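Chain naming follows the written order as A, B and C, and within any one chain the residues start at number 1.
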Amino acid sequence: MTTVSTDRAPSVDKPPRRSSAPDAAYSLSSRERWMRRAPLLPGLIFLIIVTQLPFVATLVISFMRWNALSPQNKGFAGIDNYRKVFSDSALRASIVFTIVLTVTVVLVSLLLGMLIALLLDRAFFGRGVVRTLMITPFLVVPVAAALLFKHGIYNPSFGLLNGTLTAIWNVFNGSAPQPDWLTEHPKLMIEAQLIWQWTPFMMLILLAGLQSRDKEVVQAAHVDGASPWQVFRYITFPHLRKYLELGGLLGSIYIVQNFDSVFTITSGGLGTANLPYTIYQTFFSAHDYGLASAQGVVVVVGSLIIATFALRVVSSLFEEGV
Amino acid sequence: MPGRTFRTVATMVAALTVAGSLSACGGLGWAGNSGPNTIRVLMVNNPQMIDLQKLAPEFTKETGVKVNFTTLPEDDLRDKASQEFSSQAHQYDLATLSNFEIPIYSKNKWLEPMDTYLAKDTAFNQGDILKPIAQSLSGSDGKIYGEPFYGESSFLMYRKDIFQDKGLTMPAHPTWQQVADLATKADGAKPGMKGICLRGQPGWGQVLAPLTTVVNTFGGTWFNKDWSAQVSAPPFKEATNFYIDLVRKHGEIGAAQSGFTECLTSLEQSKVAMWYDATSAAGSLEAKDSPVAGKIGYAPAPVVKTKTSGWLYAWSWAIEKGGKHLSNAWKFVSWASSQAYEKLVGDKLGWANVPAGKRASTYSNPDYLKVAAAFAKPTLEAIQSANPTSPGVQPRPTGGIQFVDIPEFTDFGTKVSQDISSAIAGKKSVDSALSNGQKLASAVGKTYAS
Amino acid sequence: MTAAVATRPTTHAEKEPRKSHANVYFGVIAWIIGIIFVVPVLFMILTSFHSEADASTNPPSVGAPLTLDGYREFFSGGIDPWPYLANSLTASVLSTIIVLALAIPAAYACSIRPVRKWTDVMFFFLSTKMLPPVAGLLPIYLIAQRINMLDNIFLLVILYTSMNLPIAVWMMRSFLAEIPPAILEAASIDGAGLLYQMRRIIVPISMPGIAATSLICFIFSWNELLFARVLTGVSAQTGPVFLTSFVTSQGLFLAKVCAAATIVSLPVLIAGFAAQDKLVQGLSLGAVK
């Protein structure tokens, strides 16, 4: 049954049960093997052409001296672009910020999402409505949300934050502090916007996890006199662990690649340029195609290393078929 | 149950396939009717352009040429336009570029020269275009590559009523030291009112525009004649320190995120007493619904070591080389930059909204002067006194007042502007911002020096 | 197998009557948190009905008179927004259909009649999601320019398909793995071919899963900004790109932007609210049923 196992992935789910003789699957005739591959191939080939081939081109261009704004000066650059990539402190800073952004947003959204999911797991009046309210942020188009936060909420002279401060202070006839949110805490503000969008996502996954918990075990624990904390610590949390890992993994995939928020809220200013934005800028503003490609290659290599580790997590995750 | 869902989905798929094939008929997408008589225009979404968009049906009525617009915020527009022209993608026939891009693009042979069209189209009257602007839109080969839609310089705007209350007077030709002094005195003239608004928002077209004019008049420059970078040289440093000190001590709240719009709002809402920025702001300040209309005085851009220091900027039409609709594109340029278009705007939307600052005739038009009396003369003088080839105390290797006219400037200028912005926010020291800027600028300078 | 999440609450509630007191407190806290999370959206909608002047006051003019100016400006402010929304719809729907057409057979080959090393294939699919799309953007741009595909909605369809295919394969695999083998065996004994199996058994049974997959693919395509921004111009511009064009460096725009943001988000909001449970299944790559 475990003949499928490879070094990386013991098995994704329970091994396939439905072919009448699973073990025979691997001693099939070559015609039968191709029959099995046929449904897979269109998707696989499509994906390889569209996502993998461009990287080959990126690799080639990364060795070229090519700035679209100086078309006369184009040629082979050797490893010049890579030398620039590794000596560029701005790129290093953007790597650090990408990591900080991803870790912060994922951890905080997971934590908040778990607390809210625990609340929503209880019965109270209007529970369905609250759940609907909670998922709303996730359903706002990301660039719309980023525009809203930048102009409608963080704006120091008429944004909702400072407006609310003024309204509160007006009650007491005081003069409200009017912090310039984006300037003073640019990174925090981007993180806050993303946390606002991603907490609902984590909450949804964790809530589904909570509700798949075996209620009898929980009840038995209560009967045996376990405290709510003990129930959480020894029953709920272990059960939720794989849901937390799942949420963390999926959240990371999307937040590492976040472009919309950084682009919209700060345009990479005040130290908030993350990797996608930095590459985008080299390509689209500086038009240094060679350098942008070299940055791309370095990032892809880095992603592959991280992805290898991440995939180990997933494989263990799906082993039990969450 | 599954049967029903299946049918619903099937119907949906069928409907959408029809929708899809319909769009396929369009070829490219839903907005894609690019017939022979349609031109595609890429432009910045400033109010003047939005007005143009609303008036474009008049153009179609006159000429039978349809116009498809894409409007983008300034920074996006620059990215998109440079991508479009550098790859000669021909997604557009023409675009709003400025006197920053046009000389560079013309050198790369990405633009269509307009001389032959101008020779035939005498009604356009090229002689009426203000000299410094016409000059800044020509290539190094002497040909004309762009026609201005509206032009601007920079000047100092201040609240006459506040100055009167506080017993302050604005000199006829203020120096920056005098302005700093006035800002100190005007600070707090009303509760919550600061002395002056200066841009602090990152972006080479944002904070660097006013700052570079200050650097010029303090005797500094980005590059010497021989392309050696001067960003960490004393005059540049002195000017930057002055600017940042002024904006930190007496500038607007949220300075590091303030650009043109934020300052405009601040001045309109009585949150600052002065503002140094584009002459084109005056139109909004004097508009009917503006709370400060009639209360604003205008003075020339403050100076230190030079006689004038105003910048020069013109959003202009440029036609992409080798397009399929060249003559229609010229028809559009000729219409949008004409005197007749100014009159059309004046009649339909009010003379305060006219895209001014490009033609001498505008400033002798009684209709325009009726609404623009307060700022017409200072604006015209500012534009005419701008000197894009030699704005500072030393000879320059390339053109540009508030910018260095090389393609690399957008990139290193933006990076430096981010550091300057951080310095305004108090997150970075001026010295480290400038020494970083020096590094970036000299790397670029070296490629030109050799 | 469908709406497990929604049906659970009742059983849970009746089990803990003695804790109803505590639940009131927790309910109040949950309501407060829910409202905090939704306030920005409410603010966006409210602002979209205000005039530009009322939209930029401090403190906010909550009770200011409502107006449709923002929407009027959006729908008839010079540029007609419908083509952009139609482009978004075309790109999202067509790419979703193609994704399903490619993903369901691929998922079949990884679950029902698996190929050798099907786990490796699955992980290859997932690993393409981990590579930053921005790194492939330049060659895609250059190639698209060469073959005259710039500003073409079908280029976006292709890219969105590749963006969503891995997720869809993972989701569909988990749904297909649920199909009782006995049904398929019975069918194959009856001599039903692959296509017949697909049409008559697999697709109908996994319809809820297909719906969840479609919803997610639709949302991600609808939301996409980077590719659309770089690769489209006049004809194929999508809603999110159009949205960014309302921000101007000269003049007030908040009400207009809020109106535009509301309109562009509306399809996703409606789809998401209507199919909350599908959303959970979809977002968890089908791992949460």
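Note that a residue touches a chain if its C-beta (ideal position, glycine included) is under 8 Å from a C-beta of that chain, and two chains touch if they have at least 3 such contacts.
Predicted, not measured: the structure shown is a model, and the values here were computed from it.
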| item | value |
| --- | --- |
| Result of counting contacting C-beta pairs for B-C and A-B, higher pair | B-C |
| Chain whose Cα centroid lies at the greatest distance from that of chain A | B |
| Length of the line joining the C-alpha centres of chain A and chain C, rounded to whole Å | 15 |
| Interchain centroid distance [CA atoms averaged], chain B/chain C, Å | 38 |
| Set of chain C residues in contact with two or more other chains | 56, 142, 230, 244, 247 |
| Where chain A touches two or more other chains, by residue | 157-158, 284 |
| Sites on chain B at which at least two other chains make contact | 83, 87, 265 |
| Chain C contact footprint on chain B (complex, rising order) | 2-3, 5-6, 9, 13, 16-17, 19-20, 23-24, 26-32, 34, 40, 42, 45-47, 50, 53-54, 56, 68-74, 76, 80, 83-84, 87, 89, 91-92, 259-261, 264-265, 280, 284 |
| Touch list for chain C against partner chain A, complex | 4-5, 8-9, 11-13, 15-16, 19-20, 23-24, 26-27, 29-31, 33-35, 37-41, 43-44, 47, 55-60, 102-103, 105-106, 108-140, 142-143, 158-159, 161-162, 165-166, 169, 173-174, 177, 179, 181, 184-185, 194, 219, 222-223, 225-226, 230, 239-240, 243-244, 247, 253-254, 257-258, 260-262, 264-265, 268-269, 272-273, 276, 279-280, 283-285, 287-288 |
| Sites on chain B touched by chain A in the complex | 75, 78-79, 82-83, 86-87, 104, 108, 191-192, 201-203, 253-257, 262, 265-266, 269, 271, 407-408, 410-411, 414-415, 418, 421-422, 425, 427 |
| Chain C-facing residues of chain A, complex | 4-6, 8-9, 11-14, 16-20, 25-26, 33, 36-40, 42-44, 46-47, 50-55, 57-58, 61, 116, 119-145, 147-149, 151-153, 157-158, 160, 162-164, 166-167, 170, 196, 199-201, 204-205, 207-209, 211-212, 215, 219, 243, 246, 250, 253, 256-257, 259-260, 263-264, 275-276, 279-280, 283-284, 289, 292-293, 295-297, 299-300, 303-304, 306-307, 310-311, 314-315, 317-318, 321-322 |
| In the complex with chain B, residue positions of chain A that touch it | 67-71, 90, 156-158, 175, 178, 180, 182-184, 267-271, 281, 284-288 |
